[in-house]
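Chain nomenclature is as follows: A, B and C, assigned in order of appearance, with residue numbering initiated at 1 for each chain independently.
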Amino acid sequence: MNARHALTVTTTLHEIHAALGGDLLGDPARVIHRIAALGQADEQSISFVANPRYRAQLETTAAGCVIVAPALAEAAAQRGAAIVTPDPYHYYARLTQWWAARLRSGQHAGVHASAVIGEGVRLGADVTVGPLAVIEAGADIGAGAVIGAHCVVGPGVVIGARTRLAPHVTLMHGTTIGASGLLHAGVVIGADGFGFAPHQGRWDKIEQLGGVRIGDHVEIGANTCIDRGALGDTVIGDGVKLDNLIQVGHNVHIGEHSAMAGCVGIAGSAKIGRGCTVGGGAIVLGHLELADGVHISAASVVMRSINRPGQYSGVFPIDDNASWEKNAATLRQLHTLRDRLRSLEKKIDTP
Amino acid sequence: MNARHALTVTTTLHEIHAALGGDLLGDPARVIHRIAALGQADEQSISFVANPRYRAQLETTAAGCVIVAPALAEAAAQRGAAIVTPDPYHYYARLTQWWAARLRSGQHAGVHASAVIGEGVRLGADVTVGPLAVIEAGADIGAGAVIGAHCVVGPGVVIGARTRLAPHVTLMHGTTIGASGLLHAGVVIGADGFGFAPHQGRWDKIEQLGGVRIGDHVEIGANTCIDRGALGDTVIGDGVKLDNLIQVGHNVHIGEHSAMAGCVGIAGSAKIGRGCTVGGGAIVLGHLELADGVHISAASVVMRSINRPGQYSGVFPIDDNASWEKNAATLRQLHTLRDRLRSLEKKIDTP
Amino acid sequence: MNARHALTVTTTLHEIHAALGGDLLGDPARVIHRIAALGQADEQSISFVANPRYRAQLETTAAGCVIVAPALAEAAAQRGAAIVTPDPYHYYARLTQWWAARLRSGQHAGVHASAVIGEGVRLGADVTVGPLAVIEAGADIGAGAVIGAHCVVGPGVVIGARTRLAPHVTLMHGTTIGASGLLHAGVVIGADGFGFAPHQGRWDKIEQLGGVRIGDHVEIGANTCIDRGALGDTVIGDGVKLDNLIQVGHNVHIGEHSAMAGCVGIAGSAKIGRGCTVGGGAIVLGHLELADGVHISAASVVMRSINRPGQYSGVFPIDDNASWEKNAATLRQLHTLRDRLRSLEKKIDTP
């Protein structure tokens, strides 16, 4: 049985071209069932060349149609149908969106009988609520939103139009989410921030009384957590994309259109600018600021604010274990080595 | 719409002072609706100065009342109402607790009709069980405990008085939790530890037959996992605070009042002392011991036992990418550089 | 109350020996209630010595029976009953499996009345479905499988025989899992991969149209996430073992019998060979390949493909904070130090 079975669509080049544009070379009546990479494509597949270095694959692919940039139009047309467009990767992105919309069409299913809807909940037009979801009192769900099976939407939570929640999402009270968002399974928004006052050898809890405000077009990956603010709110800007298993601490601000890969941790009160990227597994310490356009490499640790755009890195290079052991041991004497070098320099320069 | 709407309370300085003490300067009848940071406060807000370096904000804040230490009493009183107390941060912590207790008062809701309660379950007085929670046979829930919507409490699990579980918490069989705990959404306690015996190129499962014992006043962050022991138990001491997305392996022991920030990983059989702290993203390898009062900086990796209290760190410093690349490349030759330095030293010293 | 209470079994050495083999020295009628480590064992416990360095504990343990290698048979028999077998650790693993099977026997419970089963779902013989689980249309669950409370099994998902899902597992459409698997609580399979095309300062979503194919005998730890492929599938080979809180990106391939400890992140399109191990907290960047038999140390970052088997490491050594600060500061000048060393070498060698 094929896992992709449910992901096939029956369409034609004519339909694709009518919906998404570009220059269509070849037979508009050609039937397309799949989007596929060049190497996996068959004659019922549409594929794309986003990068000229894959040009060689053009000659060997069995794809029924290939999306290409103008420079490759001739080469592509020699082997079969083609769609020519200035930015094939963007065309491919739009094609996947059109494709997914077709797969989802007709899935609107209303409110499942097993869902538990609290008092005073406002459901917009065409809202879908999955089996056994819980929507607590006073929540406000925008038109066309989808609340997955087993989600828990806390009291008074606000969800914008067309925002979709996969199963098992938890939104605590004090959370607002904008329109056209997508939250994957296991996401937790609005758990308490990590706030304690040390007192006589114990930790006295600082109750977290702020909320979480999330903009429009935000995507949040599976099992990612965004904590509520201590007093003010944690704020996620429009267009932010967060991958899976990310931790966002209390009162963090993430600027518009920033993106973070999996396993990132952003400690409390950090302010991340607009258009930043943070690579997988990176850590940003608390109360720091990153300017707009700062890019942090995977697994790097940001220990000071960064006020200029650019790429920043800090990772111990991997090596065979024996080499690493020798270099790591020497690293623990590095400051001493520097002093020995200085001392040598003095001797040489003042003989 | 304001995410904090649900977090406002109507009270007076008189009520606050009566509940929490301190010296009240100013009008006890003043109405307070919010706790706010100095910069966000309005005249219906109470704020605090925990650190003398924020003294300048005292002059500009619009807060209706400010909590201050005796040294700032005069300055605070000149601008409006004040509460004077030796430790303003601790007073603030207690104020948030009193505030949150008011917000939660009257939320006791009994057992929701949709919850699934197994045979022989013992529910103490005033237990709340949320919608669609599952409590399996023989579980024992202490008085005043709160089991959130969609929680799954395994067979025979013991939960102490007043402990609260947010939605979507999973407690597997063999778990015991003390009193006054707080577990955030998505927490998993008692999943199998990662135990396999290598055998003929495969991994033979070692079934995990221990449990998890968690003390009183323990807080566990969203989506954090604590595995059951292989044979004996995994043990979390009283007053331990764990942030979100932390992994605690089988048979780990965490001493009383230790705290760990988000994304930490503690490998199996590690023993963490009392009063330790572990910064976000740090990793502690298996079978190691950390003495009481050991503090591990964020993103550091503990590869050997540490038997003396103190602060320990190990992080590659972040830099602009070009500088990092040069230094990282050189680091892979560091041992060789040391040898070259030694060789030079010999030449100089024995000319 | 004892967390392990539920994990005791009443058996005899005769029963254990009949089931698992080996040479039994001592009274077959001896009653055994527990498996325990040497130091925690009592006379109703069976214990084991997997490593000769624990030989000394043989003399002091109170265990009613000890599993030992032939070299320790005599020493073990002098103190009480023993089972002698060439690989005691493997015998112990098999004993835990036999023990756990007894604990689970009779737990088959059919389909709970509160579960929500969609149209066209196929349930094999003896399938257990827990309370409030949701199985969507067209899913296919193999004989003897166990679907835990609150699981969500998406439309068309295929689950092999005897595979068990703990509570709160989410399997999205397009997921297939083989036989005899074990997925712990909070696992999310088939969330969207992290795919976006940058376009005019925003991120254009690339809808993720692939699936996830998981082999037989795969174990996946709590809250671990495996994303669906962008076009093709994400593939997890037979016998793979993944610990908790691991992120596996879209189109990753993990070879058979590889194992990864907690908090690991594998970025998109990485190809991990057979029989590899990845230590806790390690990160593997996208599109890299690891050969069969590559072992990555905990918290290391793989930034290039590795085509030879072996152990690889890259971690900044931990130190007291003051020493670390000095060495880390010097590390930022390391390339300059190398140049200074070269310059000195030239001066010395060409005086």
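List of remarks:
By definition in this document, a contact is a pair of C-beta atoms (placed from the backbone, for glycine too) under 8 Å apart; a residue touches a chain by one contact, two chains touch by 3 or more.
Predicted model only: the values in this text are computed from it and were never measured.
For the self-contact between chain A and chain C, the two sides draw on mostly distinct residue numbers; the shared fraction is below half. Rotation angle, chain B onto chain C, C-alpha superposition: 120 degrees, expressed as a multiple of 5.
Chain A and chain C have Cα centroids lying 26 Å from one another. Looking at chain B, residues 132, 150, 168, 186, 223, 245, 263, 281, 315-317, 319, 329, 331, 333-334, 337, 341, 344, 348 sit in touch with two or more other chains. Remark: chain A residues 116, 132, 134, 136, 140, 150, 152, 155-156, 158, 168, 170, 172-176, 186, 188, 191-192, 194, 196-197, 199, 201-213, 223, 225, 227, 231-233, 245, 247, 249, 263, 265, 267, 281, 283, 285, 296-297, 300-304, 310-317, 319, 323, 326-327, 329-331, 333-334, 337, 340-341, 344, 347-348 touch chain B in the complex. Considering their complex, residues 1, 3-7, 35-37, 40, 87, 89-90, 92-94, 96-97, 99-100, 112, 114, 130-132, 148-150, 166-168, 182, 184-186, 217, 219, 221-223, 239, 241, 243-245, 257, 259, 261-263, 275, 280-281, 298-299, 315-321, 324-325, 328-329, 331-335, 337-338, 341, 344-345, 348 of chain A touch chain C.
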